[in-house]
């Protein structure tokens, strides 16, 4: 049975940091269309700080991930800082030692629920939750197949959810100020959240 | 012997006002290149006020032209207001009753010298004097032929002087701040001064 | 991308570099915590006084840092450009200005600002600092509903910081200040218009593109597109586009009003005064009695051209606090 | 041409309309002579006091109208945009503020301003008003020579109006004020840079075009092109382009300096403070002791992006007058 270890977890975050850096201009450009043009630079600043953490400094995966969450809270700012920070803090809090697919699923659920609670958003509000919530459902459905297949299903569902944000009228976050004019644009946070799950699927399990 | 009367004089100013109005955008655009983009609107504002004067309100041509000068001083502003104002005030002061070509020449000389005195400029400084001074010389040379031919010679000399401002480096007025960069542009004031003489040649004598 | 056309060094250092300039300019009255990018009153904390802390993304100057000083804020947290400050910054500001009487957070209603201030308040409470937060949401351009993020906090923030800051200076306690702030928020409304978007240093191109003959109506302060695009109009017509939705949202007759006509950053003062003339005429025609006014750049959006109108229906208390002495870099009177 | 993209009604009415707004905003302290487009202290003329009159083209706000009030100007003459006022305006201002002690004209060195003020002074003298004029020419971007129009008057005008205005408020007589003004003029230098030109309302397009990667160095305050075009540079490099020619023109070591970092109209305050940080560092490294400073939009060029630096080598008298109370719409302290 595959379990998630500290090295894998750090690889996940390193991969996510690289993906954010590569996509920073895209994320900012999406945010430019229906927001304030900073999602890419916000996330890039935070993940650069996360990538600088040394896994050897931490007793276990949960401790490392807790620090990841605190680092994001302390460096990202904006809406995405507390949301991604909460995701990792709750994720870390729910992650069992030597987590298997089910354990990882519990952590993922805690993380996603943390985002929903912190942001008071629901699916369909055109936020990162529109990628995270379907990803969690897909993960749970595939959890019996093991960590990697479940994460692959989650990443695919996140991408579908991200694409489905395009026609939505935003009800939460900055895009909501645009009202009807927010329709026709892809949500930046759902885009970065999909990168998060894609990195997970490439590195965990 | 042709003399200059009040009706002719008013026709001159009306024609000048029309010429300025037609060329306002050009004058402003010339000023935009080496100045502050207001020569056209300045002159247009002033000549609109001049055109509204009623010649019947004045005892003679000199009184009318004095009012023209005062009106320009009071409405144009900038460098051209005092300069054109002074031109007409001095012109009016030197104009004999029922002026013939020589009398008109004396008035023209007084006007041009007034501009030079007020502006402390010399020919070659890239100002309106570069049109006015050669015009005066040409007028004096042709004065024996009568008002109309002398004014036609003056207008042609003004145009030549105006064109000759293009290569000059400005030493007076706002264009002087540009130093060498003022070369290659036609002086706006020399351009409007040429219109003044062309209107005179069309209406006086 | 070449150098973005701004007076900056590196886009990532804009806030840090500007803070050095603010320190050089105002060392006599302000103290800068460069680690946390917090601007503090040089004499903070003041014994017995409730600390007033605000902050948000940078790019709205003079808000908030220009309003730190006697009679207004004790501290301002400077986030990155258009990015809410992080909880560490708010926490540092909060503990630095707390003198035992507690700290009031004045928070503009943006998801990021609200969450980051909330997290900081939790941290501060855990350290025994009494914190209250009041959220400002005065922008009538945004439809309010239970299901949305609600209205943005915009121009009223300036009036709020002045009035609440004056009350804190007078010694009002934390509960009293929070309730005053909520009264101010309930009585103020704003509406903005843009002639151009603005360019975020990191991005190097305008956040939105607007045709030469278009206006963006109902904009916020982050260069985000507004609610509606309309054909370019005269100042008189634009004034009506600002005044009408404000008056439609709240009845401002029957009480004196404090009116701010604010520039978004790139609009000449000449135009702001001209707009104020138009706005004041319309307000008076609608029966609003303008008791006080403020015309200028107070809450900006980098180099955006445009302006916003804020109207606050003031009671005697608010008027008195408005007139009270204030001594900050950007607002100073009655000393 | 469609509507020019500005918050105005008709381009010809910009000044008249803005004056109505200024009146609406500052009726408590200013009086407007709409016929002559003159802004006056509400309490002018003041018995025994020399009247201080300035003015020039509009489009530089808050200069000059924003500096009318206690401790600064008695009247400001508002020409059309970028166009010197006509003698009638200056004459109206002069007679309105004369209380028998005479009137000092503070004139920026532009051919038009100088001639129009001169004509007005002749008219006023004819009516028995004692008038002195001091011409301000502080712009080191322009080569001075006997054969040219000389240097422009730019940023030093703000410092001049403050210092001379304070001395007039203290009761200094006309001759003393004129000599103080000449001392200030002799001790101050300025240099400006533009990132964009500006758009004159009547014209509807920028006065000059500048590439995305170009700076215009040595600009004045009328949107006119500068002395030189250079590639876009960092704030630190731009600061050197301003500081070096100023220090090359006059030795500012050995006496305290008053330094102004002024915005041209469309530059965010965030950038101005950032620039001030860079400029202050360079000045200090060059041995200049900055005793006082001013950062913000004080003498602008409509919607031009850019900034200017003014340095005044001050004696004790000037410093004291700088610190003296001032109470105008745009400058207020020490009350």
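First chain written, first letter: the chains are A, B, C and D, and each begins at residue 1.
By our rule, a contact is a pair of C-beta atoms (placed from the backbone, for glycine too) under 8 Å apart; a residue touches a chain by one contact, two chains touch by 3 or more.
Chain-to-protein mapping (UniProt): A, B = Dihydroxyacetone kinase subunit DhaL.
Being a predicted model, the structure only gives us computed values, none of them experimental.
Engineer: Considering only mean CA positions as chain centres, point out the chain farthest from chain C.
Structural biologist: Following the centroid criterion, the farthest chain would be B.
Engineer: Any idea how many Å lie between the Cα centroids of chain A and chain B?
Structural biologist: Chain A and chain B have C-alpha centres separated by 74 Å.
Engineer: Averaging over Cα atoms per chain, report the distance between chain B and chain C in Å.
Structural biologist: 54
Engineer: Once you find the CA centre of chain B and the CA centre of chain D, what distance in Å lies between them?
Structural biologist: Chain B and chain D have C-alpha centres separated by 32 Å.
Engineer: Can you list every residue of chain D that touches 2 or more other chains, as numbers and ranges?
Structural biologist: Residues 81 of chain D each touch two or more of the other chains.
Engineer: Spell out, as numbers or ranges, the residues of chain A touching 2 or more other chains.
Structural biologist: Not one residue of chain A touches more than one other chain, so the list is empty.
Engineer: Give every touching pair of chains, nothing left out.
Structural biologist: Pairs of chains that touch one another: A-C, B-D, C-D.
Engineer: Over in the complex, which chain A residues touch chain C? Could you list them?
Structural biologist: My answer: residues 28, 32-38, 41-42, 45, 73-83, 118-119, 171-174, 176-179, 181.
Engineer: Which of the residues in chain C come into contact with chain A in the complex?
Structural biologist: 12, 57, 79-88, 110-112, 115-116, 118-119, 139, 141-143, 147-149, 152, 200, 202-203, 207-208, 220, 222-225, 227
Engineer: Could you list, by residue number, the parts of chain D that touch chain C in their complex?
Structural biologist: 2-3, 5-10, 14-15, 17-25, 58-59, 61-62, 66, 81, 195-196, 212-213, 232-236, 238, 265-278, 280-281, 290, 293, 295, 297, 300, 302-303, 305-307, 332-335
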